[in-house]
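First subunit A sits with subunit B, and in the next complex the same chain sits with subunit C.
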Partner chain A sequence: MVRKFFDIIANNAVPAVFILISAFAIPLSGFSASYLVQELLTRIGRNSFLILSLLIPIMAGMGLNFGMVLGAMAGQIGLLFICDWGIVGIPGMVLACLIGTPIAIILGIFCGHILNRAKGREMVTSYILGFFINGVYQMTVLYLMGWIIPITNPNLLLSRGYGVRNAVSLSGIRAVLDNLIPTVITNPEGAKQFLNVNGAGSFFLIQLPFFDGTIRIPLATFIIIALFCVFIVWFRKTKLGQDMRAIGQSQSVADSAGIPVNRTRIIAIVISTVLACYGQIIYLQNMGTLNTYNSHDQAGMFSIAALLIGGASVSKASITNVFVGVILFHLMFIVAPMAGKNLIGEAQIGEYFRVFVSYGIIAIALVLHAWKRNREREAARRSLRGGNGGKA
Partner chain B sequence: MFVAFLKFLMRWFQRLIVLAALIALGVWLFYIGREHQIFLDNKTSGNFKALEQINVSVNGGEISELMQRERDVKKVVGPKFEIRAEIFDEDGEIVSTISKEIKICFSKDIMINLPTLAAGEENFIVPAPK
Partner chain C sequence: MSANNNAPLLQLEHIGKEYYGNRVLSDISFSIEAGEILGLVGENGAGKSTLLNILFGMPVIASTGGYEGNLYLDGKPVHFTSPNQALSAGLGMVHQEFSLIPGFTATENILLNREVLNGSLMSYVFSDRVSTLDRDAMRHRAEAAINTLGVHISPDMTVSEMPVGYKQFIEIAREIDRKNTRLLFLDEPTAVLTEQEAEILLIALKKLSKQGIAIVFISHRLSEVKELCSRILVLRDGTLVTDVPAKTLTTREMASLVVGRESSKKEEAVEVEIPEQPVEEENINETLGTTTLSKKKKKKKPALKVEHLWVDMPGETVRDVSFEVQKGEIFGIGGLSGHGKLGIPNGIMGLYPAGGKVKLFGKKLTLNKPRAALSRKMAFVSEDRRGVGLLLDEPLDWNITFTAMQTQGRFLFGIPYIFQMRNELAMAKETKKFIESLSIKCTGPSQKAGELSGGNQQKVCLAKAFVLRPDILLICEPTRGIDIGAKALVLDTLKEYNRENGTTIIITSSELEELRSVCDRVAIVDDGEIVGILPASRPAEEFGMLMMGEKMRVALEYTE
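Then we have the complex of A and B:
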């Protein structure tokens, strides 16, 4: 009984800590409920796709795919091209995905082959691989673009004539997906004000009498995320999905059963990388600015942190973990600076605290995972020895 | 052996079709999604003298009032756009109205010489300034 309770606590320690911190920080921040809901909805739309792309490698037993930054870089290259060519709106976004896809597939195959040579150490290998490909990306963007790769838009290029500027405006595709099906939730009074300001445009206006405030919902983004969730649920039931789950449980058993382990692992990484490419494009269309040399850096770390905060582990993650994680993680993002300011008079303290907690949580989750795995091994060993610890 | 070879060919054929379809989709997206800068130029060009005043609207958007030797720029998305212009005389009376659909296709930016357009000539599209 005590052991079961201890197991429940151990399994949900990270989300529990975050719920506890949020419960203190939300009242301290002084933000209204409608503001928090608006911010959370925006951030769920912005980040969920990236985090969902991590699920498939976990299913295949490859741990947290730090190599997702490879896909993010592919997406950014697609965005740079559409900015240069001046393609705007949804066609621009789709074209960026189209350009990014072959790059992401090639990088995914490359990453998969390397990870197959580093079985059991996939996370650290993919993390370092991210740095390596980042070097290649920086060389391409900083030296080859505008010199060998034609970039003609002077707004994109550095003053020396080649290399892309540090910040690129994505005004052509900014929030195009989020505003594709504009939806607003408000109360009747808010609806009148909204109509006065915006006019009777083509948007869905949902009126709730009890609702306080006005929130905009990125409905099209949510529909795409929902479709992606359906894809994951369907994919798990396919032959390939079952193969990945079998590999995730035991590679040697899967190999004995005739499953092509290495090939399946490569496919898992390719799917994850391609989806990360699309996720980064969705993320950046929401932000509206591409930080050429840094945007992808944090994509992997923040997505993984959010997934772990949602209660996932290195070997097990679900769609629920993604959404719980993105809500808890970004709730901290929103409330921590203001809570810090109201508590100590310094917003930076809250921000430092949030960064400290974000990275710390990855460390805690990894330590908990290692500790749990060792405990399970120990339990298995004990059961093999007849449950008496091997003593005669 | 022959069946296996046929299967192999078929598989590559299918892949090529998918690849060609994706490239075609890319070209179509490029075609319909490209943003163009349309320079509206009310300056003397050859025999066509600058107009006293011309009000121009592109795709039913905001109207630009252009006096002699003035220039404005509009942004349009897609391979074609509609231009509507009202030409005024020295007394401020509307002399004529022009409505025309212009195709840009794959070119990036263009400049429309309004006096040439008002004269009903076909060569009113000139290269955009850099």
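Then we have the complex of A and C:
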């Protein structure tokens, strides 16, 4: 009984701590409810897709896919091309996805092959692999683009004539997906104001009398995320999903049952990489600017931190974990700087806190994972001892 | 299938196999009819697993040069080159260790990689792997397979929550579910079961054989083999020594066939050297007022007393072991591999998590700390010579003096705890002494241990233990992987060391004959427990009976 209770606490310790911190920080920050909700909705739309792309490798027992930055880089290359060609709006996004997909597939196959040679050490391998591919990406973008790879738009290129600028404006596709089906929730009063400002455009106006403030909902993005969730639920029910679960629990058993272990693991990584590519494109259309040399770096680390905060572990993660995680993680992001400022008069403290938190949480999750696995192994051994074995 | 109705289901003709010039199987011929239950018994290394590897087309066979002889299935010659071929031809295998996925339900495990799929458009575009699973149909099939066995297990139960016995049934159900399985191999299926579970299993197997499935039952529990099987095959040293109906053999005869030593050897073994009894201990007892007891019955303080020891050594779990070893005795621990005999010395030395009570000359020994054991003048020669026993990349003198240096502070000069250096001269001198006395073949004390042959490495391990001047010497598998000449030398060295120094020696070995030739008494371990301790002079088949799981506890007091 006590052990069971302890297990529940241990399994949900991370989300519980974050809820507790938020409970203190939200009143301290002094933000209004509608501001918080608006910010959260934007960030859920921005980040969920990236985090969801982590689920499938976890299912296949490959741990947290730090290699998702490979997909993010593929997506950014797609975006650079559409910026150069000046293709805007939804067609631009679709084209960026189309360009990114083959690159992500190739990188995913490459990553999968390498991870198959580093079984049991997938996480650290994919992490380092991320650095390696980052080097290749930087060489491509900094030297080859505009020299060998034709980039003609002078706004993209560095003044020396080749290499891409550090910051690229994605004004052509900024928020096109978020605003594809513009939706606003407000109260009748706010509705009047809103219409005065924006004119009677093609808005879905949802009026809630009790609602205080005005928030916009990135409905199209949410629909895509919902479709993705449906995909994952369906995927779990397929033979391929079942095989991945089997491999995730015991590679040797799966192998002896005739499941093609290595191939299946590569498929898992390819799916994850391609989805991360799309995730990064969705993320950047919301941001509106591409930080050519840094955007992808943060994508991996923050997505993984968010997933872990949602209560996932290295070996087990669900869709619920994704959304709990993205809400708690970003709630922290939003309120921590303001709370820090109001508390100590120092906004920096919040910034420190969130960097500290995202790295710290990954470290804790890895330690917890090792600790749990040892405990399970210990329990398995205990059951082997007969007679008086248990008590000593 | 029906092409040749009177041909046996499976026939083996003159099957033989060599690994790198080392013959492990020769001229095995037998056949199995449909619905027949065959018992296959033999010691470790008798060739059982090689035979299975050949039958199942394991890649290891082809990569080491294939095998001799022919296999016939339904009268047609077959030659499997991969396990999948054997499986699709109707051979099924239930392994000794479970190959189940713990987090999956019974259904998911039984139908692993044979899931029932819903047809979908996607599967035409991509492959079958994107079709969803038909859970209901899967459940029905799993239920049907479980019911054939005559047990009641919910198909929705997760394997990790099942008692061990259930897991075995799930494994068998998995093989039965394969529609074409006609011949089922079970490798030690009852090893992990309780007696009742084993009984249910035997009943289930009989039921299967009535349905026409032939079964090859591999077990070391002779009474089960006798009860279940219609025919018994005994393998020994790679040859088939018996193929007779089960009724014609008693378990005792079976045991002696398995161990296979002629009774003529018994006589020479009777002449066991009896170590001198330490006199001072008698005096202790007299002062305690036990003089009234007859001299023969009096209690002596044993050199090593082990009570309810358990050791958590992977693959060699010790469950509950108690025994005493007298001073100056050579005590043997034997038994089949995987039953925990290696766990006992490893646990006493603190190399694996252990519990229970161990007393050394009447004083309690701290477990789980190798240092504690070493500082009580115990020395250990590991079965893992290259891993635990030696520093392969270091010279011989380092290897031999290393433990003494670390635990006893010898071969050092300088000020203890502050500044100490190796005394290379003393090290070399000591090493030279051992190179001579054990005739270790090497270029000198500075040769690297990794460059020596197996036998010489083993001698270095012994020297390393002797340098400690131990009161008790624990040795695991002293002759594993070394040639015959070196074997005799190693064993003679041990005997001599025991005679000269009165050191208590505990030898753990898989080779019963070796134990019987060196030891005073031999304990046989089965399933993590000692099933009997016999004087080495007893006939080999008595040891064989113990090893084969005949639960007869013959705890003979050596002092009587």
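Rule of thumb we're sticking to: the second predicted complex is superposed on the first by the 386 of 392 C-alpha atoms of A that agree within 3 Å, B and C clash if a C-alpha of one lies under 4 Å from a C-alpha of the other, contacts with A are read in each partner's own complex, and residues count from 1 in each chain.
What we mean here is this: contacts are C-beta pairs under 8 Å (C-beta built on N, C-alpha and C of every residue); 3 or more make two chains touch, one makes a residue touch a chain.
From a predicted model like this one, the values you see are computed outputs, not experimental measurements.
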Partner chain in contact with A:95 - subunit B first, subunit C second, else both or neither: first
Touching partner for A:87 - first (subunit B), second (subunit C), both, neither: first
Comparing the two partners subunit B and subunit C, which touches a greater set of residues in subunit A: C
Touching partner for A:148 - first (subunit B), second (subunit C), both, neither: neither
Partner chain in contact with A:258 - subunit B first, subunit C second, else both or neither: second
First (subunit B), second (subunit C), both or neither touched by A:234: second
Partner chain(s) touched by A:2 [first = subunit B, second = subunit C, both, neither]: neither
Which superposed partner A:249 touches (first subunit B, second subunit C, both, neither): second
Contacts on subunit A seen with subunit B and repeated with subunit C across the two complexes: none
Complex interface listing, subunit A residues touching subunit B: 85-92, 94-95, 98-99, 172
Residues on subunit B engaged by subunit A in the complex (per definition of touch): 22, 25-26, 29-30, 32-36, 77, 108
Parts of subunit C lying in touch with subunit A, wherever the complex brings them together: 83-84, 99-104, 108, 112-113, 115, 117, 128-133, 308, 310, 312, 317, 319-320, 353, 355-356, 528-529
Residues of subunit A that touch subunit C when the two form their complex: 234, 237-240, 242-243, 245-246, 249-250, 252-254, 256-259, 381, 384-389, 392
